[in-house]
Amino acid sequence: MDMKVIIDTIWVLVTAKLVFFMNLGFAMVESGFARAKNCVNILSKNFVVFAVSSLGFLFLGWGLMFGDGNPFVGLKGLFFVSGLDNSPAVGEAYKGVYSAISWTGVPLWAKFFFQLVFCGTAATIVSGAVAERIKYKSFILFSFIMTMFIYPIIGHWVWGGGWLAQKGMFDFAGSTVVHSVGGWAALAGVLLLGPRFGKYSNGRINPIPGHNLSLATLGTFVLWFGWFGFNPGSTMMADPQAISHVVVTTNMAAAAAILSAIMVSWILLGKPDLGMTLNGCLAGLVAITAPCAFVSVGSSIIIGLIAGILVVLAVIGFDKLKIDDPVGALSVHLVNGVFGTLCVGLFAQDKIAGVATGDGLFYGGGLKLFLAQLTGVISVAVYTFIVSLIAWAILKTVMGIRVSLQEEIEGLDIGEHGNAAYPEFLERKPTYSFLGLKE
Amino acid sequence: MKKIEAIIRPAKLEAVRRALEKVGYSGLMITEIEGHGKQKGVVQQWRGEKYRLELLPKLKIEMVVKNEDVERITKAIIENAKTGEIGDGKIFVSAIDEAIRIRTGEKGEIAL
Amino acid sequence: MKKIEAIIRPAKLEAVRRALEKVGYSGLMITEIEGHGKQKGVVQQWRGEKYRLELLPKLKIEMVVKNEDVERITKAIIENAKTGEIGDGKIFVSAIDEAIRIRTGEKGEIAL
Amino acid sequence: MKKIEAIIRPAKLEAVRRALEKVGYSGLMITEIEGHGKQKGVVQQWRGEKYRLELLPKLKIEMVVKNEDVERITKAIIENAKTGEIGDGKIFVSAIDEAIRIRTGEKGEIAL
Amino acid sequence: MDMKVIIDTIWVLVTAKLVFFMNLGFAMVESGFARAKNCVNILSKNFVVFAVSSLGFLFLGWGLMFGDGNPFVGLKGLFFVSGLDNSPAVGEAYKGVYSAISWTGVPLWAKFFFQLVFCGTAATIVSGAVAERIKYKSFILFSFIMTMFIYPIIGHWVWGGGWLAQKGMFDFAGSTVVHSVGGWAALAGVLLLGPRFGKYSNGRINPIPGHNLSLATLGTFVLWFGWFGFNPGSTMMADPQAISHVVVTTNMAAAAAILSAIMVSWILLGKPDLGMTLNGCLAGLVAITAPCAFVSVGSSIIIGLIAGILVVLAVIGFDKLKIDDPVGALSVHLVNGVFGTLCVGLFAQDKIAGVATGDGLFYGGGLKLFLAQLTGVISVAVYTFIVSLIAWAILKTVMGIRVSLQEEIEGLDIGEHGNAAYPEFLERKPTYSFLGLKE
Amino acid sequence: MDMKVIIDTIWVLVTAKLVFFMNLGFAMVESGFARAKNCVNILSKNFVVFAVSSLGFLFLGWGLMFGDGNPFVGLKGLFFVSGLDNSPAVGEAYKGVYSAISWTGVPLWAKFFFQLVFCGTAATIVSGAVAERIKYKSFILFSFIMTMFIYPIIGHWVWGGGWLAQKGMFDFAGSTVVHSVGGWAALAGVLLLGPRFGKYSNGRINPIPGHNLSLATLGTFVLWFGWFGFNPGSTMMADPQAISHVVVTTNMAAAAAILSAIMVSWILLGKPDLGMTLNGCLAGLVAITAPCAFVSVGSSIIIGLIAGILVVLAVIGFDKLKIDDPVGALSVHLVNGVFGTLCVGLFAQDKIAGVATGDGLFYGGGLKLFLAQLTGVISVAVYTFIVSLIAWAILKTVMGIRVSLQEEIEGLDIGEHGNAAYPEFLERKPTYSFLGLKE
């Protein structure tokens, strides 16, 4: 057996496992940032979403994304990854219907698993933004739609040899394909759901503190760890220079974003808020996801610094707009997914880690790359937002997407699951309603 | 002086407190209790077995007030804690012999 | 018999209890409460929004004592719970009709 | 009307409540308290140092009942909360001037 | 140095580390499913058990399992892995006393560590079932017995070239060797211990809710993650096709089991219980453990779907039988360990990922394979259950295995350890005794 | 591309990621061992410290540590890892200014990332010892100093080809370079800070129990897991025999230390304390860190056994000396870092896993190696302790290092961050002050 295939398969599988592990990270961040009375519900959503993704992506998602077809959608080998394929053969030797991903010399199931964990990430992003009020059933159904009809189409455009790839748009590990897709789908949901009860009442913004910052911190560390699979794994082959480069740009962006988020919140809010610090880290990671292999370590620090500032402003901004996102998913994944994608057009340095992207605006490449990135950002926004809005609207009409007010007040744990997350601990029940006497 | 002890639904605390602020009060204590009256408990499940939590979370608000304020304050509480459903709670009034403000040592109604 | 109900700062519990041990007491109960009096709450923030926790954690100490002990015990509490700052708390005294020791069934002052 | 305040061992709650159900009662409130009486505390350790938790978890059951029910109910509690060991707890009885049912506004014994 | 050896060693060690990490998963699932007053004790048990396994398996377990000997037990190189061995030599070139495992070309200590983490898993399974009433001391002693005399013998039969291997029984990653062995040993313990105080009183089944579903969910994610070491690592060499295949069958079985457990509990219990969802996931993983490399991805979904249903019924069933298993260890590991092992006989497709198992019943292979599997299931049950029963009985006689009723009521944390898991949080002490007024 | 480079890069990056993950472990152990009212602060410190390390080590630390220079400090390519370097070239072929680390054939950024995670570990060790009273701002500044001026200098001496390396001192994975450096810096901080309010009052030692032993156990498991990156990764190349050997010695020392810590605390304290058990595990891991590749598996068990005893005695001893270390960082990292380093001089067996250390005292090598180790221990102690003391003293004078008494009593979470870790749970506020009526 070819050594290169073995090594690449190990790399792809090990990094895919780390990305899988990010499901734990999301579960802990989201439940930690929400109230105890909705904890079981959030845990359940984050748990079931990867099961749904697994089946949805196997059934149809993979085929639409990587099947040979037209620039907009895959058409061959649609169902159950059952098209002809002789992976790990590459290049000329490859015979099969998934040619868009035939450049990486690993077995078909390794490709599938790696792509699946990315699909799962896009789906799980939605969960946090719609938390504390969405019906469990409706969330499960939306996740099927997401992993079968929304994510794979965008994926086809960018990573499946579709029209955006042909336009010269670059998204190394998915600032757009994964994060902003998740973000736009979430935004559509949030708008149709409306804010949580009591969040914007009497003309005030009432903060609703999360119940467990230990869990949220734990989750953020796990996500940071998982990102060391997400970004360097996206080489899908063990190219030593590239993966080493990507590990460092990824880490530096996170580090810089943490420090800038701390500074900004210290200045704007008077104290270094831990929630903002954690969001800052994630913002840096999301922002560097597209450019991680195309920019220098120095640029990664700048990108991180800006991401950390952006996320703090975005969290405050969304609240001003009365767009209620309990965990900051929009500020992290949508805002910084867009920002990171555009950064490729600004900071890219041709072949810095091997890929011929051409130079970005700041490195003398002119607007060409930037415009390709912008096209990507806009078209993805339009498609994802509209399709998601329609999907949410249909769910809303057919079965409802929001729990009853009574259930929301008592907590979704009892209403949706009949469980309590912490049955033995005495909780300060009224906290959420008693807060909010703003300075 | 009288002690007013009101058992209310946790979700009603904000409304009650706002009302109390309007009628004026000098201090209160809130305790998380679990109550049991006419209201049936919440049904939960654990790994296949359903069970009922017979005790429901309630809040107890205690206020020591001047005799003449009892009427006004209980009225404010009743109006704002009421949903008309079983489980709205009760108010109990009892006598207090003496009140002392720890900070100053003042005694009697002035200490409230 | 009287019930002494003292609301104090949590941080003062140790001092108070040591003092009580010196003057002697037969038993007490401590409840975690949240209180609201003249003292302003603590300001916290959550993701960019500041809010004030109007209710502050306090401890309620309840002791049922013989009439003649009320003076001595309230004095000990006041001395040890006092900081002179707003929020030191209050003491309320009320009447108890009967006391029973569950273990023995004894009634009255002997049961304290 | 009287308020019966019983301090019991947490583990005895179920027995007491079943007994109360048999003799009949209209409502109760339960508060988690920490108590200190004759019973010695539990010894724990933390990284090499032993310490004693002097305060033990107890439950306080409060019930406001008609005067004529006091006897029956305290009996039921005593019988079921007793182990004969130190730490069984106490029952205190005091007067309640007024009771109001929030849901209906009814006053007096009918409100219990 | 031979590249193949290097690569295989990396694969074996990395997957072994993931399996090691499952210890965290077990600790969190088990403590989350138990009451706060016993939390320190459960954490301690789950923590010490891998230390015990490490010493026990080093001292004797490895030798009994892999030492050359007869079909029932290893006899050479028994103690301290000190027999002659020239690993990573394989095949003809191998000279040593551990020939049963000489097919994998990695250093001896890599083999040892990989096998050790499996032994540790079998031992830790016991911990959950006997939780909340067992004496710490007795558990430690039983764990020594388990890792020195019970697990290695069964291991020898199946993986050590023993009589079951010769009979043509297949257990790829240990549905039988690890999970059902753990399960039978646990069952013996549970029967001798009896149910927790108050669990079955007044003719009712009194539910005793776990204290922390966040931890339990965290633990299940960690276990799922770890299983990506458990199953694909069991190739013990980096065969790209095989490991990719196994990763996907493993994941699909888990996903399917989650969804079927949710459906069944929604139908049977009225609401999608989170505890059942988590157990469903684990059930799917246990069931696919034996067949993961022998069945198609399609079959893995079917196996998962059935496992998810089985576990819900088993949890309810054990309760009906008054067999008190606080965390569902029997339903997950025993029932689905047996089920998964039998599935090999039903769903196997010859050489689907390289191994020549012959076809299973559903693929035209007749009953041959199924009967070999059944023989394995039964003989392992008999040996493990009887030896465990004897071991528990001796411990019971000599030093007692159950804490005093007083200690059980107050919690094992104080009684066994003098610690409190959450000394600053106010707990609702009586919950456990006050529940159970069944509908 | 040379296969060896690819494989070695994978190994280095994967193990580096595991070491990165240890940040989560530290965060959970430290917050679990502290009080709820300081939880946000501790999480924040543990979170920000890796961001600080990333920037500090990139900016200057790497250059001082690995830049060519004199035996005491690196002088070339100081800033931003920007010196000439043609990694992954090795030996003769290497052209660059980081020759001390040119022996490992991986890309420069892989080397950097691997070394960075070690630097981060040294910095995070400080955090636990100074917990519950240090100002957030001052901690951040000290961390910059640590990662730019303290750790890299010692690193240069031992791993950067400096004078200790030339003296023949061996520290395989950093018992001295990482752990005891962290420990000495922490000790200096602790002495200047003084004990927490109420810890030693009225002539008594008042225990201050940690608020969450589930988190502490979780963290310890994560650290144990991460150590399987820390130690075997320090080969910085995938040498199968060496990495397999190191994995097993690492694990055996941990296992032995757990059991001896349990035994000792059972004997000395009457019950097997979980906190001591967890510390025991970490002690064993720290102690084996220097000798893991130089001693036999048998010796690793002995080293672990002693480490487990040492840590229990040290925890008790530091308390007697009124040196207040809330999480036992000194007992774990300082005491056992020193002990482990000396063990190399006692237990080393020449070339047992490839490295020519010469034999230790117990294997007939005489005192030579031991004295080299001792020289290392002492010189590192002197440099680190004095420089740290000066750094802390300057911070103390300029901006203060300790929060106000008022803030300490109310908790640093409110004072430093304006956050609460668990706003919905009712806490037993006075616990900490009410304890301590010693037997």
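Note that the chains take the letters A, B, C, D, E and F in the order they are written out, and that residue 1 is the start of every chain.
Just so we're on the same page, a contact is a pair of C-beta atoms (placed from the backbone, for glycine too) under 8 Å apart; a residue touches a chain by one contact, two chains touch by 3 or more.
These numbers come from a predicted model, not from an experiment.
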Would you mind checking the shortest number of contact hops between subunit B and subunit D? 1
Go through the assembly and pull out the chains touching subunit A as well as subunit C. B, F
Labels of chains that are neighbours to subunit B and to subunit F: A, C, D, E
Averaging C-alpha coordinates per chain, one finds the centres of subunit A and subunit E separated by a number of Å equal to 33
Return the distance between the CA-based centres of subunit A and subunit B, expressed in whole Å. 46
Expressed in whole Å, how far the mean CA point of subunit A lies from that of subunit D is 52
Multi-partner residues of subunit E (each touching 2 or more other chains): 3, 7, 10, 14, 209-210, 212, 218, 269-271, 273, 275, 418-420, 422-423, 425-428, 434
Residues of subunit B touching at least two other chains: 17, 31-32, 34, 43-46, 50, 54-55, 94-95
Interchain contacts, given as pairs of chains that touch: A-B, A-C, A-E, A-F, B-C, B-D, B-E, C-D, C-F, D-E, D-F, E-F
Listed in rising order, the residues of subunit E that touch subunit A in the complex are 3-4, 7, 10-11, 14, 18, 35-36, 209-214, 217-218, 220-222, 224-225, 228, 232, 238-241, 243-245, 247-248, 251-252, 254-256, 258-259, 262, 269-275, 277-278, 281, 297-298, 301, 422, 425-428, 431
Help me check something: in the complex, which residues belonging to subunit F touch subunit A? 1, 3, 5-7, 9-10, 13-14, 16-17, 20-21, 23-24, 27-28, 31, 39-40, 43-44, 46-48, 50-52, 54-55, 58, 80-81, 88, 106-110, 112-113, 116, 136, 212, 215, 218, 416-426
Parts of subunit B lying in touch with subunit A, wherever the complex brings them together: 10-11, 13-14, 17, 32, 42-46, 50, 57, 59
How about subunit C: which of its residues touch subunit B in the complex? 2, 6-8, 31-38, 54-55, 58, 60, 74, 77-78, 81-95
Given the complex, residues on subunit F that touch subunit D span 205-210, 265, 268-271, 273, 275-276, 279, 312, 315-316, 319, 328, 428, 434-439
